[in-house]
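Same chain, two partners: chain A is paired with chain B first, then with chain C.
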Partner chain A sequence: MKRLWRWLIPLAAVPVLVLLAYGFRLSPRDIPSPLVGRPAPVFALATLEGAPLELATHRGKVVVVNFWASWCYPACYEEAPVLERNWRGYRERGVVVVGVDIQDKREAAVKFVGDFGLTFPVVQDLKGTVSVDYGVYGVPETFFLDRQGRIRVKHVGAVTDDVFRTTVDRLLAEAVSP
Partner chain B sequence: MTADLGYGMTLIALGLAVYGAIAAGVGARTDRLALIESAQHAALGVFVLVTACFALLTYAFLTFDFSVRYVATNTNLGTPFYYRITGVWGALEGSIILWSWMLALYTIILIVRHRVGARELYPWALATMLGILAFFLLVMTVAAPPFQRQLPVPADGRGLNPLLEDTGMITHPVALYLGFTGFTVPFAFAMAALITGRIGDTWLVLTRRWTIVAWYFLSLGLLIGGWWSYHVLGWGGYWAWDPVENAAFMPWLTGTAFLHSVMIQERRRMLRLWNISLVILTFGLTLFGTFLTRSGVIASVHAFTQGSIGILFLSFLALVLLTALGLVAWRWEALRSEGELDSVVSRESAFLLNNVFLVAAAFTVFFGTVFPLLSEAVRGVKVSVGAPFFNQVNVPLFLSLVFLMGVGPLIAWRRASLDNLRRNFLWPVALGIVAAAAAFALGVRSLLAALTFAATVFVAVTIAVDFTRATRARLRVGESLLPAMGGLLLRHNRRYGGFVVHLGILIIALGVMGSHAWSVQTETTLHRGETAELAGYRFRFDGLTAVEESNHFKVVGAFTVSNGRVLGVLRPAKKFYPQEQAPIAYVDYRLGLREDLYLVHGDFARDGSQATIKLQVNRLVSWIWIGGFVLTLGALLAILPERHKTA
Partner chain C sequence: MRRVAIWLSVVVALLGVAAPPATAQSAKPVSEDVVHEIAAQLRCVVCQNLSVADSPSEMANQMRAIIRERLAAGESPADVQRYFVDRYGEWILLAPPRRGFNLLVWLLPLVAVVVGLAAAATLMWRWTHRRRGARTPPAAVDAAMSERIRRELESGS
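Right after this comes the complex of A and B.
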């Protein structure tokens, strides 16, 4: 009596192949986010210094939420000075930059913040829930929120001065709705 | 003209390879020697044609023949001679030529070595090799043709990717591809064994040395890749769990598992199914690696191009896996083990455990690499897996593997007695514990570092114990010391070659551990004449100079390094290539056994008054490269022809 189940062995390869085939439908560099235009998921996390930070309290300001990690080289290292520079330049005008450190070790994150002298608030997303809420694919990713708390622009990869300024200027120029 | 000639030769080679594969298969099936001989001639023809293609493309590079599109996109009039040669395989199309050429070369060696003496398996192995070669030639004709006309012929080309202007680029891809393609041979024999039903040990014995060669080149390719990353990319590391690094690492892991598990089959007639599966897996992973690098499915720093090639590779991967696993299913009954595991405390189980850990590591890496795809396919959520995941899962696995490296070679087959354990492991364990204690006393507070020390000392002592004991036995029969030791190495070259490779791995493990645990870095902006300090070293910024090179312009910083006395001047640079938007950092470093000084140039003021630099003191990294040399010696020893024991 021949065992027929052994012919199932080759099927083991099928899921992997299907998954890879699925990969062709995507371009990892060009990721549309279904979240653009929607209200940004709110979160309350502790900053690296231990202070609580609630996204909701910044409603009415233009908020830049930047997902990063200390192991993300080179992109996060390139954009860190850019974020700090623009945060200093724009903070008086009602702009908040919030760094969300993901999949990272605390010491490494603190060292990163120290090395770049970052002064904007940085929270750690230890459980990864915020990253999932925002559909973060890889670091760095940056979300620009308007004053109503809606995600308006998602930027994948290192933020440049140009991207930061054009986006934030545009969002600042919009009328404040009551 | 050049392009047409090259394309024509590729087409003929493809035709010959297809013909050869069919002829060898039909010849084997109908037992017609003439057909097999004809297939051999076809293989020779393919080799000659692919060599000619390779030579032609090289010639086109050397003579700046911009009528060939591939030449025009990957070189320009300023590209130095040396990089015009390495540029041949610097991008997708050329890398496929190199790949095909190596495969053709291996096919020829296979014919020369196994034509006589492996009558049953050889024709099928030849057919498999030629079939795989035909696939790569197909890629060369339809998906990534290196010979395509460029009209109108431009006056100058675009130029090579500047990151590839490095001496490592001659050795890294060559070694890596020799490793990748090398695993085709064991795979081909495994297929032959399945097709003919001769699942015994013949195919293992035939491919033993092939496997070591392939494994060695893959190891070398990985190490050189690490070196390239370390001294070119300028982030101070040598391994980033980048998808493409992972792609090369996975077959290395399963290949390593295979190298060890064959020993159990040879000795105990166990694990036939497992060994066949490992070979299929390893070869499948080399294809998967190629697919990853060239399909654009997963974003990575190794930005090879994309296009129809991905579909082609995926179809081929599917064909290979389904055929190979189908054959396994067909021969299911014959693949069952004859031997059985007698005891948990035995060499068999140590090797089995080694295999389980290696395959688990390979699976982890695979999972982490494709996870972004998987997550999106299943949940529609985009996530990524970073270095922390890989490290957390793999570090304990690797540490256990180091430990097993000491246990496996010494513990008895079948069932180890208490006496055997005490005889072999009392000293190693004791000294391992002493090493951990000494490390602690010297101020090492990291558990991981202490464990690594303990494990490496343990393994090193087991090797010493074994070697001393064997030497003593020879002294007792009247040999003098040096001939006794030399004789041991040569007579039992496989065993002692393996030991030397293990020593190499130990040294690499120490280097990896040290660089992770003790490296320090800082980033700072200096005005001219100012000094930065790190780990007892002082770096003084002396100024900037601008230099015009044949194909780029660079700004070089001068930093005097001292620790009490002046050690020298380091000159990291920023290179500006006309074809690149962003400047390329050029690292300068000073290597040392204890630590490397490593400087990367960041922003600078145009007038040369200030510069931002990243300073690193990287500890023990050099031992990784030293371990690579030791590993090379061991692998060479292991592939020496076996001597028959006469004395």
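Right after this comes the complex of A and C.
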């Protein structure tokens, strides 16, 4: 009985240590989105040039919705050329890239688009409603939508060529089902 | 024709954003206290450990505006909270809801306090009893032993 007690106290620390070891390995920035697998919230916003853009009109294509801001340095600056390059490479194959500029000034956003020579459509979410609809908690965040308009992948942080290509290739390879 | 349709839908959507979903005249008056109460339970998503009510960030400001709009459109505070939880998960709530696995967070501290108090009480009981045992007078020395002690003391001097 005495022996048991002597072991019990150090043993009681084991679950605590396991919990801590598990907890400290998690990234506090890695928050699972409940939206993955669900239909993407549709939106209609005006582009920086003032043209209308409706997400629903792109149903049937693989859509990459990228939330960014001109003040988001360096991640948004790193991924802007990646997005542009891949948009050019994939646009003929039924892929659309839509930039959503959030919490930003229009002039700063226009300058950013000009600096990087972005040719994909960029809309501004002035009221933050689309950001909240997508559960955005920072920039950059990128959502990959399948042809049925469902959010399939949420990527937090700068998109790399590798992430873009593997994700989009996978979604393009899926059979189009009604 | 299609262009016009798209334009019209954008105008409608923008109006919808500008005014709450319900028509403007039927908008309910919104108490700032209620907005604050809901915002205080939501985590400011761009901050560290700040609620939407306390954060001066633009994102929190926009979120407060969304809370206000949804309340004005006739939603209950619970509806508004569910709207945020649906999009951000329970992570957005500063206090985890008291059900399921989360109950551990609420119950474990209580269990720890009870176990700790019980352990402390047991140990204290044991210590006090051992001390009392030590204080009891030593066993009586019988006549033969006291005689021997006396003899040895005398012979030693």
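Structure notes:
Rule of thumb we're sticking to: the second predicted complex is superposed on the first by the 151 of 178 C-alpha atoms of A that agree within 3 Å, B and C clash if a C-alpha of one lies under 4 Å from a C-alpha of the other, contacts with A are read in each partner's own complex, and residues count from 1 in each chain.
Assume contacts are C-beta pairs under 8 Å (C-beta built on N, C-alpha and C of every residue); 3 or more make two chains touch, one makes a residue touch a chain.
If you're wondering where the values come from, they're calculated on a predicted model, not measured in any experiment.
Contacts of A:Ala44 after superposition on the shared chain: chain C is touched, whereas chain B is not. The larger set of touched chain A residues comes from B, when the choice is between chain B and chain C. By the touch criterion defined above, A:Pro52 reaches chain C but does not reach chain B. With both structures placed on the common chain, the touch criterion links A:Val36 to neither chain B nor chain C.
After overlaying the two complexes on the shared chain, residue contacts for A:Val132 are found with chain B and with chain C alike.
Touch criterion met: A:Ala13 reaches chain B, while chain C stays clear of it. By the document's definition of touching, of the two partners only chain B reaches A:Asp115; chain C does not.
Of the two partner chains, both chain B and chain C are touched by A:Gln103. Shared-chain residue A:Ala69: touches chain B; no touch with chain C. Chain A residues in contact with chain B (one complex) as well as with chain C (other complex) are 31, 103, 128, 131-132, 135-138. Residues 6-7, 9-10, 13-14, 17, 45-46, 58-59, 62-63, 65-66, 84, 86-89, 91 of chain C are the ones that touch chain A when the two sit in their complex.
Within the complex, the chain A residues that touch chain C are 31-35, 43-46, 52-54, 57, 103, 127-129, 131-138. Across the complex, chain B is touched by residues 3, 6-10, 12-13, 16-17, 19-24, 26-29, 31, 69, 71-74, 103-105, 115-116, 128, 131-132, 135-139 of chain A. Only residues 235, 237, 240, 284, 288, 291, 295-299, 310-311, 314, 317-318, 321-322, 325-326, 328-329, 332, 370, 372-374, 376-377, 381-389, 522-523 of chain B touch chain A when the two sit together in their complex.
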